[in-house]
Amino acid sequence: MEIGKKVWVIADGYMNHTQKGNFESHEAVCVLNVSGKAAQIEITVYFEDQDPISGFRAVCENNRTNHIRLDKITNDIGEKIPYEKPYALLIKSDVPIVVQHSRMDVSQPEMTLMTTIAY
Amino acid sequence: MEIGKKVWVIADGYMNHTQKGNFESHEAVCVLNVSGKAAQIEITVYFEDQDPISGFRAVCENNRTNHIRLDKITNDIGEKIPYEKPYALLIKSDVPIVVQHSRMDVSQPEMTLMTTIAY
Amino acid sequence: MEIGKKVWVIADGYMNHTQKGNFESHEAVCVLNVSGKAAQIEITVYFEDQDPISGFRAVCENNRTNHIRLDKITNDIGEKIPYEKPYALLIKSDVPIVVQHSRMDVSQPEMTLMTTIAY
Amino acid sequence: MEIGKKVWVIADGYMNHTQKGNFESHEAVCVLNVSGKAAQIEITVYFEDQDPISGFRAVCENNRTNHIRLDKITNDIGEKIPYEKPYALLIKSDVPIVVQHSRMDVSQPEMTLMTTIAY
């Protein structure tokens, strides 16, 4: 099946740095790959006041989902996505995938969620 | 009317296993069918670390909505979608439908909601 | 300008019946009309277990937004959208409009919000 | 790269006027620009009961994101987007951009979030 596309954008990225019990504020880029072969995914992170950081890589095997935790990935030179700083993401895959973006925020006593299919 | 399409994807599926009073954490695949005939819907569930599970079926009659509770459906061999495990969904219908995906989470004292039109 | 389209679908409708201080659980169909003339909007409400109810009408003037409260509209014969019952919406306009759907829920002590551009 | 488009619509705008500690209710128009040149963005705000207000301007440099805070921007003649009043947004750029819209609401003790890719 050919479902999805190879380039996806998320414009509202932001992670605060809070943990509550088992819950940790984070964002995730959730991928589905039913293309027939493994997806090589590269993520570039854009900021308001500095050059983009590239080289964040992930693989989503065929017939698998990968919920990529944005607070955990590191790029080719060991950098992470910074907390408390607005960012946006450009996600490229070598095969068609579908991307949904979600945020869980526990900066206040109760958690809140938001999600959208990426563009 | 021909509204919608026959293949839909949700990439961010996750159900925690919490109940609070009358509220239970769950996700729903909400379908509208105005195609003129009943929609035979088949859902395949994809995971990060195992083969997909297929054979989840639902019907949405013509001129009806069906808010399919993902914590309740079982597939042809009695399997359910597991809790506490990231998943993604591929939803196929034999007639055009529209699909929206929502999560209600009550894992913390207060509920939170998220929703998006599927891809 | 010609922005938007004439037919929109929302598949996940549900209003619980709770009020907290100044806050009342509700959903809204938010419309923007920049078509050059007033938009005559008709909404049909679909259910899981009964025939649809039509005849809900609203106007969105040119160069105006209309945040149509779904807990408040009545149709041609005085019917309202029922509470505590899953529904879906088909929204038709005689000119192109853009539709976004949001829910505010105060069934628990704290409010939660969800939104999506309609299909 | 040519990613995105030049005209975007958000139909559900609403800011209440609440502040809690470091949190302030607000909405943001989050932009990503990878077009190759700076994006000149103009926002027009539409209301239910008055003429639109235009002349809100922002720049998003190439290879940058701009999370435009709607509670902070002022237009050419010093006007702000009013609180406690439903609005919608028409966003125009001279180069293709991607736009996502989010609301953070702290009108009740706990924060809630909502987001969607704009239309």
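By letter and in written order, the chains are A, B, C and D; residue numbering begins at 1 in each of them.
In this section, contacts are C-beta pairs under 8 Å (C-beta built on N, C-alpha and C of every residue); 3 or more make two chains touch, one makes a residue touch a chain.
These numbers come from a predicted model, not from an experiment.
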Check your understanding: Since chain C and chain D are copies that touch, is their contact same (over half of the numbers shared) or different (under half)?
Key -> different
**Study point:** Cα superposition of chain B on its sequence copy chain C - rotation in ° rounded to nearest 5
**Key:** 90
Practice item. Would you identify the chain whose Cα-based centre sits farthest away from the centre of chain C? Key: A
Check your understanding: Taking each chain's centre as the mean position of its Cα atoms, how many Å separate chain A from chain B?
Key -> 22
Point to revise | Inter-chain centre distance, chain A versus chain C - centres from mean C-alpha coordinates, in Å | key: 31
Practice item. Check each residue of chain C and list the ones that touch at least two other chains. Key: 109-110, 112-117
Review point. Think of each chain as a node with edges to the chains it touches; is that a line, ring, star, complete or other?
Key: complete
Check your understanding: What residues of chain D sit close enough to touch chain C in their complex?
Key -> 7, 9-14, 46-49, 51-52, 86-88, 90, 103, 105, 107-110, 112-119
Revision key, fill the gap. Within the complex, chain B is touched by chain A residues 3-4, 23, 28, 30-32, 34, 63-67, 98-102, 106, 109-117
Check your understanding: What part of chain D is in contact with chain B in the complex they form?
Key -> 110, 112, 114, 116
